[in-house]
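Some notes on the structure that comes next.
Order of writing sets the chain letters: A, B, C and D. Residues in each chain are counted from 1.
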Amino acid sequence: MKKWIALLLAVMMIVPAFAFADDMPVVKIGVYEPASGDSGAGGKQETLGVQYANAKTPTVTIGGVEYKVELVMADNGSSTDKAPSAAQQLVSAGVSVVLGSYGSGVSIAGSQYFKDANIPAIGLTCTNPQVTAGNSHYFRVCFLDPFQGTVLANYASKELGASTVYCLGELGNDYDQGLITYFKQAFEGLGGTVIKEDFPTGTADFTSYLTNASMYSADVFFCPVSIAYSTQIIQQAAAQGLEIAILGGDTLDSNVVADADKGTNVKVIITTFYQEGANAEFDEGFKAWLNENPDMLTNNGGNDVISAVSVMGYDGYYMALAALQAAGSIDGAAVMAALPSVEIDGVSGHIKFDDTGDAIRTSAFVKTVDTATGEWLFVTEQTVD
Amino acid sequence: MQYNWKGCVPTVWDTVFPYLLSGISVGGQYALIAIGYTMVYGILRLINFAHGDVFMVAGIVMVYIAASGLPLWLCIPLVLLITVGIGFLIERVAYKPLRSAPRMSVMISAIGVSYTLQNLVLYITGGLNKQYPTIPWISETVVIGPAKTKLVTVVTPFLVILLVFALVTLINKTKIGMAMRAVSKDFETSQLMGIKINNVISATFIIGSFLAGVGSVLYFTNYPTVIQTSGAMPGLKAFVAAVFGGIGSIPGAVIGAFIIGVMENIIKGLDVILFKAGITSGPLGLATFSDAFTFALLIIILVVKPTGLFGEKVTDKV
Amino acid sequence: MKTTKSKAPMIVTIVVIAAIYAAVFIAEQILPPTSMLFTVLKKGATYALVAVSMNLLNGFTGIFSLGQAGFMLIGAYVYGIFTIPLEARPQVYQYFDGGLVQFTVPLVIAMIFSGLAAAFFAFLIGLPVLRLKSDYLAIATLGFAEIIRAIFQWNGLGPVTNGSNMLRSFPTFNDFNITDGQGNVTVYLSTLVPFIMSGVCILLIVLLIHSSYGRALKAIRDDEVAAEAMGINLAHHKRLAFCVSSFFAGVGGAMLAMYQTTVQAKSFTSAMTYEILLIVVIGGIGSVTGSVLSSFLFVACSEWWLRFLDEKQMIGDFEVPLLRNGFRLVVFSLIIMIVVLFFRRGIMGDRELWDLKFSGKERKRRAKE
Amino acid sequence: MNGEQKLQTPQEVKNVLRLENITMQFGGVVAINNLSLDVNQGEIVALIGPNGAGKTTAFNCVTGVYEPTNGKVYFNGRVIVANHPNGKMARQYGGINGEMYLKEKPVVHTPDKITGMGIARTFQNIRLFSSQTAFDNVLIATHLRRTSNMLTATFRLNAREEKRNREKTTELLEIVGLSDVANEKATSLPYGKQRRLEIARALATGPTLLLLDEPAAGMNPQETDELGEFIVDIKNRFNLTVFMIEHHMNLVMDISDRIYVLDFGKQIAEGTPEEIQKNPVVIAAYLGVEDE
């Protein structure tokens, strides 16, 4: 009996999975996003944008043939050790191009797999420069951390009048550490003082870090951490009566964070890619789509507030379609060759890649939470000279 | 590097106090978990790796029950009841069949249960953080001396002392308590003396889970996000606390937990404290080691005094 | 070995193993390199080594250690630190001015360094903790792994470990493929090489287990007091087993780094140790063959065969209920609990491939016993 | 070492094992109280006494399992165990003539070191390596006298030594009459054979002094007689000195040269079997009460 089971398992290992063919030829786009873990909420919202775009434009004509676009999802679990198998899963599914991921660390961790398989990847909201630097296969539609860090530093210094900033990042998180480093460079360049501390993964008790910030007499509390931690920090800051503003990066742009801040006295300010209202047609369509699909609404945190990451997912999808059309083929290598010259007018603005494969972006939106309603309010559009 | 410090805090006490407060609060919550560890270890000689996850499950259950619209005064007893049920069930399903197996097997089973609970919660929640409901009164903000905090911070130590007092009375005065003491002294002999071992063990798990449930209400009111891994760290730290205090000893576990909680928060603020005291001239990044410190303490204790602060020495017979 | 007088089982074993290696080589040449099969085989080979090294401690010496992830972390980092090409260092160590280590060593040497570094740390931590009794030892080693993780992430060590940021750009399994001038692969070796690495290490462990030292370790497992009375120095032999096990865990860590293509301390959590422990349990505590088999099974199930449980599945128009993200892990943990509770001996118990009787006659004789 | 001893004439008395003022306290319980005794070259010495008299504890103090509270153990004239309490307890254990052992360093050896010096033992409650065959149980004990290190052993550079050890094991199993069950699991053997296997295992460590802890426990009279012959036989064959704990009085009276009697941790008598049989104290404390 045991032997037969063993034999069966052995056979399963060798026989590759069967694929079911449809009438229309299929082009596969990989969605490499976290659906669980610390960045699960953000990953799901980013995926929503891609799914909405896919619902709107389910087919694409490549080289005169109409293809059905199939999204292949792989959950990288917000963790660099689960990332390789998720990446490999996409590669073996035979995707032509990959979108993602939310979180720079997992993007870097999956990068080599796409490279080895000659598949291009389009980063949607991974802002760490390491994602694209030195790679010819990784592109990105959002701005970068050196830019974002500078914007935040300028804002903290000029608008908030801060001279001392307390920075808190997660230990072992490339995104947090990178953005804080760039912020520090820029802020110290402006003559300010930066104190940086790290917390270990899995921390829930931030009270002492908040105490530290006030002990250091900081003017701003900068914590560009994942949604899971930022909601904790905001709620504990509210309980402790933190009087200084909490400053965050693009990861904090989520209705989950806004909800956490609702009804408190904590001022939360962030930089992000998109502000609701900038493109009415998209906003309406997206909201309607969310409200039609209860599952999707749950993935968006239970309401239909638009997160910037969804917009980036939406734009990324059209970027991928444009690249497929330009390549005239579903072969990964061809798409990769076509990508550098592709340009689109996305919801988040005109997208065009520079030499390293990064979108040329000159401005970021600054938003704050209306603590009475729990909504994001537009503050300003910040550029760097 | 020179730092430009604005403002000044007058005394060392004012500097240290907020950390002490955080520490005592979290220490009290660790204590409630640590009691479960120490009691189970005392009787079964088993590190119940799943105990931290029972604590986490109590949090998740609360989230879902509160979301169903039940009034809060009903939610809390219901959560405690379900938590107790889960603890009882775990013992019956995963530990009881292994009573005569080697200790390593039971410990592996405990790790298996922990893995199962975490994955189950991952599946149910979809891997996303869940917002813990706000419990009125204890969630209110109060001002104590130089610090501002939630009322739960203040309530916790008192509640812990009250519960420990009740528990010690239970163990010393009731029949089941006597049976527990007997079983923890000598498993086999008490079995021969007609003590219903299974009932005693179940009672132990029920008490442990009940306290973990109470601990979870307090803990998640303070740190209101629950995810499948939420129980792992508090669980491990509570275990360290139990070892620190001398495993098998309830007062030991409680004192150990308070010490661990306070030390951990002092480490987080050590950079500040050292600076304010004029010992260092800038941050050293010691906060990085707030978790590692707990484990270093564990290793030191195990090596220097394996029986902990209040543990009894056991000699093996050859 | 000596108990079965005939050499036949040994020969069969060698033939079976040789056949597996040949099959891996051939499969790699003919199947598409993107197949999930190869991912499973690479990760399986890595985990097999780590599981066997853990089995050497938990199964053969009776030391219940949970520090495996910590030693793998050390191995992975040492490998990364010594093999990242110089030209890639400014990029990788961008926040630390290109890092402190400004030389590389050949890959095999780096792997040996990985093992030695892990063994060295094992020696240090072994001095105090190996005196502890089973469950205390388990928790102390678990704590040690957590401490190691914090140290490697500490910014103060950034010039060496890159702090919180990951190490990458070092040689990976795919670099073992032989390419022609244009960069096209002519001979695929990216799966065979990890098999060979892991195979050689496991062979060494098996040789150790079947030597006089291995017998001494098993004696310690069976009865510490008697072993000591028979002149076996407990401290010395336990430390030896701990260091050897950690050495191979370190090498396994280096292989994991090659498999993952990046290294980050954050991912070497206690969950990883638990996973390996469960592999050992499923395979059978005290069986090298079992650990190897269950590594491949475990990896294949978690990465490949059970993946479908995480997605919606339609049979005709019927949507299979319950299937969504995370269901795979639930099924997985239930399987593990069933093994732990009802099949405590695991797949192999304490038997090895060469203990299995291949002829029906002998099997009948055994059944009678 | 063996060759040297063979040269000695039988008349010459050479001390092999000496216990000097050994006291062992567990918490408040005094398991052995100021025990002194001698075992000489070539003798079979028995230690007897009612259950709980502290006999096994004495063995454990000699073999390094326990650290005695006070006292010294000499082996071939060399101190192998020594311990003296400090502080308040020191006054209680004042030494031979009341003077204190001042500033004397305690001597502590782990059991394996003591086995290495040439003292081997068996256990009251048999402690064989349960997962191993009878053959491996004995083979493991040859590990002590190895010249190989871990690396040479792993790479099989010690083949000659390995072969020698296997031959020695085969020979020992033959001597104890277990050749036919060499490949059986040790714990599946009948009780009497397990006892013999334990002795074979102890012999494989190459001892000059053999400590037997109730070797005849659980045996019937016939088996016990055979065991007695067997003990004398191996004693002569390996030129051993034997120190044993035993309850079977026939066996003790048959083969012992001298006997020590312990009661409640105290030595109450010492002498040849004839002397002990006549000793009124012993009869009162032991033989009279517990007739076996």
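What we mean here is this: contacts are C-beta pairs under 8 Å (C-beta built on N, C-alpha and C of every residue); 3 or more make two chains touch, one makes a residue touch a chain.
Computed from a prediction, not measured in an experiment: that's the story for all the values here.
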Fewest hops from chain B to chain C - one hop per pair of touching chains: 1
Quick check on this structure: which chain has its C-alpha centroid closest to the centroid of all protein C-alpha atoms? C
Distance-maximising chain from chain A - centres being C-alpha averages: D
Round to the nearest whole Å and give the separation of the Cα centres of chain A and chain C. 33
In whole angstrom, how far does the Cα centroid of chain A sit from the Cα centroid of chain D? 73
Separation of chain B from chain D, taking each centre as the mean of its C-alpha atoms, in whole Å: 49
Would you kindly tell me how far, in whole Å, the mean C-alpha position of chain B lies from that of chain A? 35
Identify all positions of chain A at which a residue touches two or more other chains, and write them in rising order. 35-36, 171, 198, 200
Among all residues of chain D, those touching at least two other chains are 65, 123
Give the residues of chain C that touch two or more other chains, as numbers and ranges in rising order. 150, 153, 155, 225, 325-326
List of chain B residues in touch with chain C within their complex: 45-47, 93-94, 97-98, 101, 103-105, 107-109, 111-116, 119-120, 122-123, 126-127, 232, 236, 239-240, 243, 285, 288-289, 291-292, 294-296, 298-299, 302-303, 306, 318
Where on chain C is chain A touching in the complex? 27, 31, 33-37, 39-40, 43, 88, 91, 94-95, 150, 153, 155, 163-166, 168-169, 172, 174, 259-262, 264-268, 272, 296-297, 300, 303, 305, 307, 310-311, 325-326
So in the complex, which bits of chain C are touching chain B? 58, 64, 125, 128-129, 131-136, 138-140, 142-144, 146-147, 149-151, 153-156, 225, 270, 274, 277-278, 281, 285, 324-327, 329-330, 332-334, 336-337, 340-341, 344
In their shared complex, chain C is touched by residues of chain D numbered 63, 65, 110-113, 115-116, 120-121, 123, 127-133, 135-136, 139-146, 148, 150, 153-156, 158, 162, 165-166, 183, 201-202, 204-205
Tell me, which parts of chain C touch chain D in their complex? 2-3, 204, 207-208, 211-213, 215-216, 218-219, 221-223, 225-235, 240, 244, 286, 350
